[in-house]
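Each of the next two complexes has chain A plus one other chain: chain B in the first, chain C in the second.
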Partner chain A sequence: MTDVFTTLQWSDLIFLLEGAWKTIQISVVSILLGTLLGMVFGWLMSLNNKLITFAVMAVLDVFRSVPLLIQLILFDSFVAIAGFPLPAFWSGTIVLIIYTASLVAVVVHSGIDAVPPGLRAAARCLGMSYWQEMRHVTTPVGLRTAFPSWLGVALATIKDSALVSAIGYVELLRASQILNTRTQESVKIMLLVGLIYFIISYPLSRLGARYEQRQKS
Partner chain B sequence: MDYQFHWRPVIQALPDLLKASLVTLQVSLIAMALGLMIGLVLYFFRASQLRVLRGFGSTWVEIARNTPSLFQIFVFYWGLGEFGIFLSSYTAVVAALTFNCAGYMAETYRGGFNAVNPGQDKAARTLGMTRFQSMRYVVLPQVLRAIYGPMTNQFTWVILASSLGMLAGLRELSGETQYFNSRTFRTFEFFAATAVIYYLIAKMALLLMALLGRPLFKAERAKS
Partner chain C sequence: MIVLENLHKSFGPLEVLKGINLTVDKGEVVSLIGASGSGKSTLLYCINALETIDGGKVTVDGVDVHAKGTDINKLRQKLGTVFQQWNSFPHLTALENVALAPRVVSKFSRKDAQEIAAKQLTHVGLGDKLNHYPSQLSGGQQQRLAIARALAMEPTYMLFDEATSALDPELVGEVLDIMRMLASEGMTMIVVTHEMSFARDVSDRVAFFKKGVLAEIGAPEDVMNNPQDPDLQRFLSTIG
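Here is the complex of A and B:
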């Protein structure tokens, strides 16, 4: 019997790196847009209006209480039956953006909450407008508490981007599975893929740890 | 939109879906319980004087935290075949989630132990308690209180992450949904129902953790 499986070649490394590049693309788009959207939601929650706070919280909570995988499949099948099917990249990324936003909203909300109300009132008393105060007082002060948590969210988004493979997008993890099936050399491939993910996310997690230490001292 | 929604197959499958939710709960509870225990061990490893133990603990934690959980499930399910180890879907998913939970909990414990004033341990030791007694009666209860919130989040996370079992052929709630989906092609209806079930399970888990935590925070409630 001739070999059904072909051995790993150097070109396969390029295939994996292409997958890694797509993982980075999904992650960067999702983190950027998810953060922007999440900032809006977080700001809405911190307005002193209980109804808005509750409504935004309840809706975003749904996204945090349903597995991302289910959300991906659900959205992907929904756009298909609604008659405007999207490429897997976009249906995956849109879900990831909203999911990231639901996490960022909490971070932003608690960041704003951490700013002493007296400080904000003082800024207004000095004649700052609402937005001036937001821009020059609340943002820099709140960022100090929010930044480490935001890094955590960004890290989670990078890792969660692997789930987009489930709706057929060939990012890093999916690329590795394709190679796995063809070559059956799972150990080498998985070590390599694990290493690539590690290289992408480890610097961010170090940055978070460093920041945390600096704040303590 | 000329799509006809058909909910009857979902309603017919509901008993099976609910039965599969029990598998989801089982997997999550086992992974969480093991993760809590191994996480504590990893924390002590990382705090130890021995470099080997520190290295082992840190490697585990960093890998668990810096690679996708789906990747970890695949490693346990397919990656060990070359060594002649073939785990069932169930074992692979439980092992991978445990691995992940232990890594995250080790970090959570670190935060919890840091939150307890070292003077507490010293005072307990001065009063004649052994190292173990001080740990058991003075330090750990306070650590538990400090980590209870993050632990609750972690539990919810495990429940949701167990849905990845579907991609490793496990017939938990998502896997069962996928099975019915492949027979009926009612993708949207089935996964919508499953989303609702997950939401309810997640809320029930929060409620359960809040009830279980009540004795833990009794002293604080009495104070206020």
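Here is the complex of A and C:
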């Protein structure tokens, strides 16, 4: 009787790395576009217009509080039923972008809020326009508060990208599960996968460490 | 020349300025005194358009501050403003704090802007602190930094809103000295202050505010030594 399980092979590593590359693609696109979109929402909330703030908050609250897994499945099914089936990469990434944006919006809003109003008024009194003040005062001062929280959101997005596997996309986690089933060498594989996630996140962690260093000096 | 005509301002149901008339000529120093909450700060903010107005008119060198087409950013370059809080930009050195607006607003090159900044910082006695961050400066030094920052835009007028009220007592003098120096150089100034000796010695005119009304105005010796308004008499006896 032949064994149904096969041992790990070099080709399996390639398979994992292909999954890792897809995780990187989903993460980078989601973090970039999610951050841009989140900045717009966060800025809208900082305008102190009750109606706008209420509307934005209401929408973002939905995305923040419904589990990402459910959002992914609902969105993927919805576009299929509506007759615009998307490749799994895109339906997954779109949901992740919006989810990330809803978290970044809060970060950006509190970053802007943390800038003392007197500082902004002083800049305006020197003749700066709204956008000049935004660029040269609110952004750099607000970043001190917002950057560490943003980093947390970005790192979470990388990990959350694993959930896109639920709609059938073979990224890093899904690739490892496939190998687990075939080889039953789950401990080895999980160690390897953990290491790969760590390596993917490493540049962001370094960025955070460097930022902290600069704040101290 | 700054002209306020029948200026009205309310916050909701609260009428804070009840028809103020005041003309400040070039070279004049006018001090505004009065109890807290009487509308002094609001008056300054109606001049530099940090607040909107509900009636009347404010003109600066003939330009209607609150008219629709007015380029407020351009107008504010004429109006240096110094607040109670010094509001230093925490991420910039003293030199960069002062050079920012000349560079960004007046479009000077970085080098020229820094030259302007160094000159103004030296003028207020901070020539040896150019590369210090605000966190490394005392309150008095930061307030002088704020004055240098305003002066770097070469304003025609300076508005001071209780510039020394947030300072430790031992730091008040160094800031008042700079304000005296500006006055002696001929700067036109509107100064909200609780420093009665400054109002008496430096002002051309002193204006007493009472619940949104300009109750008494005149030469310091008249207003402060021979006050007519009973509330002003009481105010001066409690504060002086």
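One rule holds in what follows: the second predicted complex is superposed on the first by the 202 of 217 C-alpha atoms of A that agree within 3 Å, B and C clash if a C-alpha of one lies under 4 Å from a C-alpha of the other, contacts with A are read in each partner's own complex, and residues count from 1 in each chain.
Going forward, a residue touches a chain if its C-beta (ideal position, glycine included) is under 8 Å from a C-beta of that chain, and two chains touch if they have at least 3 such contacts.
All figures in this text were calculated on a predicted structure; none of them were measured in a lab.
Participant: For A:Pro140, decide between first (touching chain B), second (touching chain C), both and neither.
Facilitator: second
Participant: In the superposed arrangement, which partner chain does A:Ile26 touch: chain B (first), chain C (second), both, or neither?
Facilitator: neither
Participant: After superposition on the shared chain, which partner residues are touched by A:Gly118: those of chain B (first), chain C (second), both, or neither?
Facilitator: Second partner only.
Participant: Counting touched residues of chain A, say whether chain B or chain C comes out ahead.
Facilitator: B
Participant: Touching A:Val104 in the superposition: chain B (first), chain C (second), both, neither?
Facilitator: Once the two structures are laid over each other on A, A:Val104 reaches no partner at all.
Participant: Tell me which partner A:Leu126 touches in the superposition: chain B (first), chain C (second), both or neither.
Facilitator: second
Participant: For A:Ala82, using the defined touch cut-off, is the partner it touches chain B, chain C, both, or neither? Pick first, second, both or neither.
Facilitator: A:Ala82: touches chain B, not chain C.
Participant: By the touch definition at the top of the document, which applies to A:Val95: first (chain B), second (chain C), both, or neither?
Facilitator: Neither partner.
Participant: Could you give the residue numbers on chain A that contact chain B in one complex and chain C in the other?
Facilitator: Common interface on chain A, chain B vs chain C: nothing in common.
Participant: Hey, which residues of chain C end up touching chain A in the complex?
Facilitator: 48, 50, 73-74, 76-77, 79-81, 83, 85, 87, 89-91, 100-101, 104-106, 146, 149-150, 153
Participant: Tell me, which parts of chain A touch chain B in their complex?
Facilitator: 62, 65-71, 73-74, 77-78, 81-83, 155, 159-163, 165-166, 173, 177, 180, 185-187, 190, 193-194, 197-198, 201-202, 205
Participant: Quick check: in the complex, which residue numbers of chain A touch chain C?
Facilitator: Against chain C, the touching part of chain A is residues 116, 118-119, 121-129, 132, 136-137, 140-141, 144.
Participant: Within their complex, state which residues of chain B touch chain A.
Facilitator: So the residues of chain B touching chain A come out as 1-3, 62-63, 65-71, 74-75, 78-79, 81-83, 156, 160-161, 163-164, 166-167, 174, 187-188, 191-192, 194-195, 198-199, 202-203.
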